[in-house]
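Shown below is the structure under consideration.
Should a chain be cited, it is by its letter among A, B and C, assigned in written order, with residues numbered from 1 in that chain.
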Amino acid sequence: MRSITLRNWQNHAATAMMLLGTVAVLVPLALVFFHILRMGFSSLSLDFFTNIPKPTGESGGGMANGLLGSAIMITLSACIGLPIGILGAVYLTEFGGGKLANTIRFSADVLAGVPSIITGMVAYTLLVVPMKGFSALAGAVALALIMIPIVLRTTEEQLKMVPGTLREASLALGVPLWRTSLQVMLKTATKGIVTGVLLAIARIAGETAPLLFTALGNQFWSRKLTEPMAALPLQIFSFAIAPYEDWHKLAWAGALVLVVVMFTLNIGARLMGRSARQS
Amino acid sequence: MNAKVTLEKMSVHFGANHAVKGVDLDFAANSVTAIIGPSGCGKSTLLRAINRMHDLVPSARVSGRIMLDSHDIYERSIDPVAIRRKIGMVFQKPNPFPAMSIYDNVIAGYKLNNGVQRSVADEIVESCLKRVALWDEVKDRLKTSAMDLSGGQQQRLCIARTIAVQPEVILMDEPCSALDPIATLKIEELIDELKERYTIIIVTHNMQQAARVSDATAFMYLGELVESGATRKIFTTPEKRQTEDYITGRFG
Amino acid sequence: MTEADSRYEPERRRPLGGDTIYRWLTAGFGLLVLAILGLMLFEMAQGSLPSLAKSGWSFISGKDWDAVQGNFGALPFIFGSVVSAVLAILVATPLSVATALFITEIAPKKVGGVIASLVELLAAIPSVIYGLWGVLVMAPWLQQSVQPWLIDHLGFLPFFSGAPFGASRMAGVLIQAIMIIPIITAICREVLLAVPQSQREAAVALGATKWEMIRIAVLPYGRSGVLGAVILGLGRAIGETMAVTMVIGNSPLISMSLLSPAYTMPSVIANEFAEATNALHSAALMEIGLILLFVTLAVNVLARVMIWSVTRGAKGGVA
């Protein structure tokens, strides 16, 4: 029989290791955060939100065109992705007992695991090649492909949480199933669904890889959906790997803005999710 | 007395499980019929068959005939959605729509079916809430969430929601099982008033309740209809031994 | 006239009712998801055909990648991806499991909750931002402090030979590890939370210390879930593009050294696909994408099956 002192010692050693591991996890993450805040705030100025990048060698400039481009492409991809994701989820909850529904669920899970650069390649072959040019539209489609499986699965989960008694109550009033589904089930689950949508938007707002060969990026203002368009993450990428100190500064400022947007969306989603669970 | 709803050799199967076995039963118009029996006897299953709620369960199969004013409601060409407008249902637990106000809950079925003018809607909401004796309690907060009401108020709201669609038959599936005695009493009084206008079929496990509210009573056991008749007769001089045992509390 | 006096007049079912349309409409949207996956596989396979026809199996074994000469051997990228993903998993797994255990078993509930939501927020930081930090902060630090020390003291080992490049396999591995730790930790935490309290109580009632409780009750119960989390992390690491591309050096070398620059499958696609010089070049990149797709699909399916087996069982047990 092992002595109790040895066992206690082991217990303390193991606890210390776990604590140490946690610290080792938090330190680099804290460092990333620290640098983004420090470098970001020292480089951020009003110019960042109003100007487009200056040519190589000149200091100053901003990423206003990237902010606009990201907003346009995110909106467009939401317009494509949300109907597919949400109505697909409706199918899974209202009619989803069979094999087809399980196949759809499985494909959504598989799609969610596809590296985002692959969705970029697919959008490239589907849109860039036939349209003979990089375009914001292709970028939005690539982002939508990422968004769809996320929205589908979170919406399905939220719809499943709506008590079945509400569906029965509505049907017993002689309301057709389609109205029941839209006006009772979806309406009741709205907060939860919005939570999932916000998280999905946060996810695609930071995506860079799928835009590399779809939207491509643009040094100038661009508003046409059929032309290359700037995006914030793309600009952070190209400025970070460029050999100019000034561009690095802009990249840090961009990173700060992106992180703030991301955290706002995430925290907003969390609060929304909490109030959905309470009601 | 003429029958509003008639069951002829009505059976319900869930897969291989034979839940209701060949029931023949008449429900008289403008009266309250109670269906009693131990839990699992098939009484709720029978009730849900009457407004085609089993259509939603893929494994469920209803056979025999269910006649509403001598039309078979399971005939192929019949629209099940329209049937449910004629045959309303009140459930065990009050289930108001949480995302809607009190007002919207009452008008929900009506609005979702027909679309409705504002002034007409106001009238319907007021008259339905008055009929369930809820108007005075909620008239100042019609736009607040229905979830803020007490359980008994919620159940009366659900009844108001049901009668707003102008059904002819109201099915009640143990409507008081989640309520306290005072709320129960109010619902029972309401049932008594409602029978002037509607044909009411109520499932209950509470025999005192059946004795209090119903004109006729049917006793079910193991999916079969054992005995039915005038409530007073069933509770005083039942014909079958099983009925007597159940009513006197010897099993169940 | 009261309602009860009225007689029921049957309403006929319309041949094409709203519900039927609704069913087919939503089914159509659901099927789109299926179609997208199918289209994805089809497009990637079709795009790879010219390269498959030209190079055959030598595509996987060839070491030479030269777009100008038209030689396409993908081995350096496959090697680079596998090595750095595996190393990243080796770094990330113990740390993630330790953190998840600390959160669920050791820390007071509030502290654990705070750490858990911090970790979840960090999982939301985009790849390009980790890359930015990696290339501007971590890589210079590695080049100036860590790597010279390693060369001086451990340079006799093949893993630490060569010159101190900041952008190196080492940087790639570290950034991948930092990025997958939040994901693995979050899933491990869920898995550990799904371990029934009765399991813990049983162990404690036998006189086990906390660590013994973890070892005999918690970890064995959640084992396949933890393994699933790690495999899911592996999938993420293999598919990770931006951050790795920014710090790994992007040089198709097959080297044992952690200090030398390397390349991965997603990185070469990110760098070359938009500017592919000819049809064969883009087909070769498509084929790399196809390989990447199959590998990540296999890894993900495996991981999901393993995680399901734990969390599903737990839900059934509790309810």
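Note that in this section contacts are C-beta pairs under 8 Å (C-beta built on N, C-alpha and C of every residue); 3 or more make two chains touch, one makes a residue touch a chain.
For clarity, every value in this text was computed on a predicted model and none was experimentally measured.
Student: Let me spell it out: compute each chain's centre from its C-alpha atoms, then which one is farthest from subunit B's centre?
Tutor: C
Student: Which chain wins if you rank chains by how close their C-alpha centre is to the centre of all protein C-alpha atoms?
Tutor: Closest chain centre to the overall C-alpha centroid: A.
Student: What whole-number Å value describes the gap between the mean CA coordinates of subunit A and subunit B?
Tutor: 48
Student: Just curious, how far off is subunit C from subunit B if you go by their C-alpha centres, in Å?
Tutor: Once rounded, the distance between the two centres reads 54 Å.
Student: In whole angstrom, how far does the Cα centroid of subunit A sit from the Cα centroid of subunit C?
Tutor: Measuring from centre to centre gives 16 Å for this pair.
Student: Using the touch definition from the top, which residues of subunit A touch two or more other chains?
Tutor: 176-177, 179
Student: Give me the residue numbers in subunit B that touch at least two other chains, ranges are fine.
Tutor: 81-83, 86, 167 - these are the residues of subunit B that touch more than one other chain.
Student: Going through subunit C residue by residue, note those that touch at least 2 other chains and give them in order.
Tutor: In subunit C, the residues touching two or more other chains are 17, 19.
Student: Write out the stretch or stretches of subunit B touching subunit A in their complex.
Tutor: 51, 53, 56, 58, 81-86, 88-89, 91, 93, 95-100, 108-109, 112-113, 147, 158, 161-162, 165, 167, 171
Student: Going by the contact rule set out above, which residues of subunit A touch subunit C in the complex?
Tutor: 7-8, 10-11, 14-15, 17-22, 24-26, 28-29, 31-32, 35-36, 83-84, 87-88, 90-92, 94-95, 100-101, 103-104, 107-111, 113-119, 121-122, 124-126, 134, 145, 148-149, 152, 176-179, 181, 202-203, 205-209, 212-213, 216, 233, 236-237, 240-241, 248, 251-252, 255, 258-259, 262-263, 266
Student: Given the complex with subunit C, which residues does subunit B contribute to the contact?
Tutor: Of all residues in subunit B, those touching subunit C are 4, 29-30, 68-69, 71, 73, 75-83, 86, 166-168, 196-199.
Student: Which subunit A residues qualify as touching subunit B in the complex?
Tutor: Listed in rising order, the residues of subunit A that touch subunit B are 97, 163, 165-177, 179-180, 183-184, 187-188, 190, 279.
Student: Enumerate the contact residues on subunit C facing subunit B in the complex.
Tutor: Interface residues on the subunit C side: 2-4, 6-8, 10-14, 17, 19.
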